[in-house]
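Here subunit A shows up in two complexes: once beside subunit B, once beside subunit C.
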Partner chain A sequence: MRINDLTNWLDERLAISTLMHLADKKEVPVHRHSIWYYFGGMTLFLFCVQVATGILLLLYYRPSAENAFESVQFIITEVKFGWLIRSIHSWSANLMIATLFIHMFSVFFLRSYYPPREITWVSGAFLLIIVICFGFSGYLLPWNKLAFFATKVGTEIAGVVPIVGRPILRFLRGGDDVTGATLTRFFGFHVAVLPATATVFIGVHVALVQLHGMHVPKKYEDSYQRMKFFPNFILRDAIGWILAIGVLAALAALFPWELGEKADPFAPAPAGIKPEWYFLFMFQTLKWIPAKVLGMDGEVLGIMAFNLIALLLFIVPFIDRDPENRRRHLIFNICGVVALMYIVVMTIVGYVAK
Partner chain B sequence: MKIENCKFQIDPVVSGVRLLKDGSRNLQFRVCNFQFAMAFLIASFLLLVLANAAFAQKKSSCIECHIKLDDTRLSAPAKLFDNDIHKSRGLSCNDCHGGDPNADKKEDAKNPSKGYLGKPKTLDIPAYCGKCHSDANLMKRFNPSLRVDQEREYYTSVHGRLLKEKSETRVATCISCHSVHGIRAPSDPLSSVYPSNVATTCAKCHASADYMKPFGIPSDQFDKYKTSVHAKALYDKQDLSAPTCNDCHGNHGATPPGIASVANVCGQCHSRQAELFQTSPHKKAFDDKQLAECITCHSNHAIIKPNDQMIGTQQGTLCVNCHSNGDKGFIAAGMMRSRIDELIASIDKSTAILKDAEQKGMEVSKPKFELKGATDALTHARVLIHSSSTAEVDKVVAPGLDAAAKGYQAGLAALGERRFRREGLVVSLVFILFLALLVYLKIRQIESRSASASNKG
Partner chain C sequence: MNPDARRAKVDSALPASQPRRRFLDYLLGTSAVATLAAIFYPIFKFMSPPQIVESTENSVVAAKLSEVPPNSGKIFKFGNKPGILVHTASGEFKAFSAVCTHLECIVQYRDDTKQIWCACHNGQYNLSGKNIGGPPPRPLEEYKVNTRGDDVVVTRG
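Moving on, here comes the complex of A and B:
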């Protein structure tokens, strides 16, 4: 009786039965490409892992040039299971970016951005930028040699952009050079600004997915089956998440994330500095681009091209909005395949290049 | 006051000279303050006159004539002088050689009545340079920090004594080392007495067997020096503080250090070793046997990098050259070597296990850093062997062994931790896979239930 009273009391205030009714009605389309639906949820799950492990790391991490490296060293050597938390945080970050790319390309090739899902795509594109910023800012936080110089090179690249480049560089670095001030503000972005922004965009993104439901490719519109979201789909999601925990645990135990040497701003840059793998294709492009292209500075041109591509990414659903336009459909498919091939090839080249 | 209808307007209010455009499109100069303009013109004129005077070359008929001569012996000084430090300080030919650089005729320029001295004889060169370089008051005008005792010191050197006492003109004088007419500051990398050029400069004479023959001294010093640890530091590592000829022999007072002073020479840099040697039993024994201290074991010009094989009781070690089985020195040498070997083995063992742990992904930078305590102890022990005291060596080897043992324990702990992680992973994976299996079975159960419900329906 008392439990019923409590349930009724809560229901009156939170409309739980209405929500449960909605959840009960929610269905997921089942067809040949349903597998791709899981990658959005997997990205979200890995984001939650990041939040949880990030909060634990915050208990010991100290964001200053004098203490950052030592505090991470303390976490992985002295704190009970600190090594596990730190390694999972690093591995999960990388897996999250990988699943995010898979999710984005699957959405692109399945044309899930067709009306009325344009805003869902745009919020996803914002989340891609936010996640990349998460990666870039988090990479510096252990204050090790590689991270220090990668940040130096990364921010220098940002500084090359005409007119706004220099102010952006100074804003990112907190001065003319990468110093403790850079570390402090990267920490601020990483644990406050970006999580807050990400939460808003994830909220919008997930809410829109609920509003519009899962997109069904045109080919299967007339022949697909349905699966209940609760519990059938969510339990399948759960299997993926449980296995993801297993993968993360295995990676952390077998390949603990290295700490390296403490950053020394006065030391010369070590040979063969490379950014994280998800920046490699851009890095390799900038390395290969000639110094001068049509009288323009090659590096500037390369950076502007990447900015333009990022802008195009945002407006994809506003250019390709007619499911009947087969010619445009083909052009977009070619562009997508070329972009994917380019990213894969240049990443491999960047990885093996000295 | 304003003058209307005139191209020049004088306005005492505005200062400066400006070009203006009026409504009728005529260009006008507005000169503000007439006095100011006049003062400006006079100042400009004076400036031109002064600049002309300053930039006018000081006449030197010596260079004007000599530079044109076909005989390279006579033209070279004029050409070389362009890079000479004396020229950069405002000195010219006549400041050393006398004469009149303003005279256009050779006879007038080289007139002895005008103080012309000509080329100095070899015997006179030290005094010739010393005219200025031994004069403290004069040198203050050019380089107050430069010493003025070079000439006096030179006459104490073997070179100087031979020149003065035996009128031996084949010996080195100022110009043999510093060159002549193209003299550069010793801090100039192109100078013949720049640290990395000193040995080559000395070798010009000292590496020539024919040249050294009359003096009865060997000529292999330079070849030997090139194989030494000092030369490697100087040439390979570009360490300009590494010793070259003059650092041990002196420069202006160049003399081979005698038996009694060798230790002092080496002790200028290796002060701790020299200090320990002075307190060791070797000191008295070396003095009694008239042995030169450092070089008896380390040699002089061909000083190789010291290694642990130099000490001990095995054949090939230096100790057995004097000590024989059973004597106190023999026993001490054996013990010191065995303690050092023990420390090296312990460090190697710890380094290997830490490296292994690191390669397996374990974070061991802290124990690796702490292991430096053991390597520092090893360095210290290698220095302490100059005391010839096993007890002194042991004082640093013992803590070194402790530090190395701690490093080894840290390595063992890291590998143990790695094992624990792997075992923990296996247990976790079993649990995780079991959980995934349970969820999978739940899905099947739900779906088979709903399928049978829909079949019934």
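Moving on, here comes the complex of A and C:
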């Protein structure tokens, strides 16, 4: 009876039974492409891993040019399981970006952004940008040589954009050069601004998915089965998460993330320096663009082109919104395939290039 | 047929499935616990800070003679802990740990009361380091003082 009273008391205040009822009613469509439904959840799970390991790293990390490198060194050499936590944070970040890309392309090719899910797509596009900013800002924090030059180049690229570029560069760097001031800023972005923003966008994104339910591709609209979300789908999700933890632990143990050498603002850039793999396709493109194209700086042209593509990404659901328009459907498929091929090929080229 | 009735029928048709189910539940439960342990053990270990090796320094130059006129005190670094050197009005040198035995504030010498005083909770020690007023429960640890030329050298007892 006591338990019952407590349940009733909580229920009156928190409407638990209403929520339970909603959860009980929630269903996931089952069809040939159901597998893609797991990648959003997987991305979210890896994000949670990032939050947990990130908080742990904050126990020891010190965000200053004098101490950052040494504190990471301390974490991976002195702190118990520090090597594990730090490597998982790095690996999970990379896997999260990979699952995010898979999620995005699956949503794109299955046309899950058709009305009324445009805003879901747009919030997802924002999350892509946020995650890339997470990667870029987090990369600098160990304050090693690679990170130092990656940040120099990355912020310099922002500076190339006409008119707004220079102020953006100074804002990002906290001055004209990459210094300790940049590190402090990036730390603030990485552990405060971006997590807060990400939380809001994830909230909107997931709430909209609940509101509209899972999208079912047109082909299967008339004949698909359903699976209960609780417990059937969530248990399948959980298997994925356990696998992910296993993979992360294995990667961390077998391929521990390197720390490299401490950054030195007066040392030359090391040979073979490259950005993280998810920036490689852009990096390689910028390497190949000639110095001058039609009287314009090649670099500026390339960067403006990437900005334009990013903009296009946001407005995809507002251009392609008629499921009956077969021609547009085809054009979008071709564009998607070309973009995917371009990213894959240029990443590989960037990876093997000297 | 409703699900309960169906389950009842399956259960009655397969009475032997009960121990098997219990065994599977047991396996599932232990794997879940093992997995959680494997996740949380490193986390708890990570959170407890590693021991920093304490300085084994046994003697330190606390001050130059000229820095501490009679009836004054000076805080000095003894390893990674603060110490206090007092030059009494009568010309004697005394040295103690500067960590108040109450709640670890750092004490100071007061030339008006000629006592060692802790500002946090008005703890008072006399010039032998004995707690004589306020909340401190124990005397301050005393060190030996020698003068070597112009240097005042403090040694752990």
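The working rule: the second predicted complex is superposed on the first by the 354 of 354 C-alpha atoms of A that agree within 3 Å, B and C clash if a C-alpha of one lies under 4 Å from a C-alpha of the other, contacts with A are read in each partner's own complex, and residues count from 1 in each chain.
As a working rule, a contact is a pair of C-beta atoms (placed from the backbone, for glycine too) under 8 Å apart; a residue touches a chain by one contact, two chains touch by 3 or more.
These numbers were taken from a predicted model, which means no experiment stands behind them.
In the superposed pair of complexes, A:I76 makes contact with subunit B only, with no contact to subunit C.
Once the two complexes are laid over each other on the shared chain, residue contacts for A:I245 go to subunit B and to subunit C alike. When the two structures are aligned on the shared chain, A:L56 is found in touch with subunit C, with no touch to subunit B.
Judged by the touch definition given at the top, the superposed model places A:L259 against subunit B, while subunit C stays out of reach. Touching more residues of subunit A than its counterpart among subunit B and subunit C is B.
In the superposition on chain A, contact of A:R236 is made with subunit B only, not with subunit C. Comparing the two interfaces of subunit A, the one with subunit B and the one with subunit C have residues 84, 242, 245 in common.
Partner subunit A is touched in their complex by these residues of subunit C: 35, 39, 42-43, 45-50. Those residues of subunit B that touch subunit A in the complex are listed here as 361-363, 365-366, 421-422, 424-425, 428-429, 432-433, 435-436, 439-440, 442-443, 446-447. Within the complex formed with subunit B, the subunit A residues making contact are 73, 76-77, 83-84, 231-232, 235-236, 238-239, 242-243, 245-246, 249-250, 253-256, 258-259, 261. The touching residues of subunit A, counted against subunit C in their complex, run 52, 56, 59-60, 78-82, 84-85, 242, 245.
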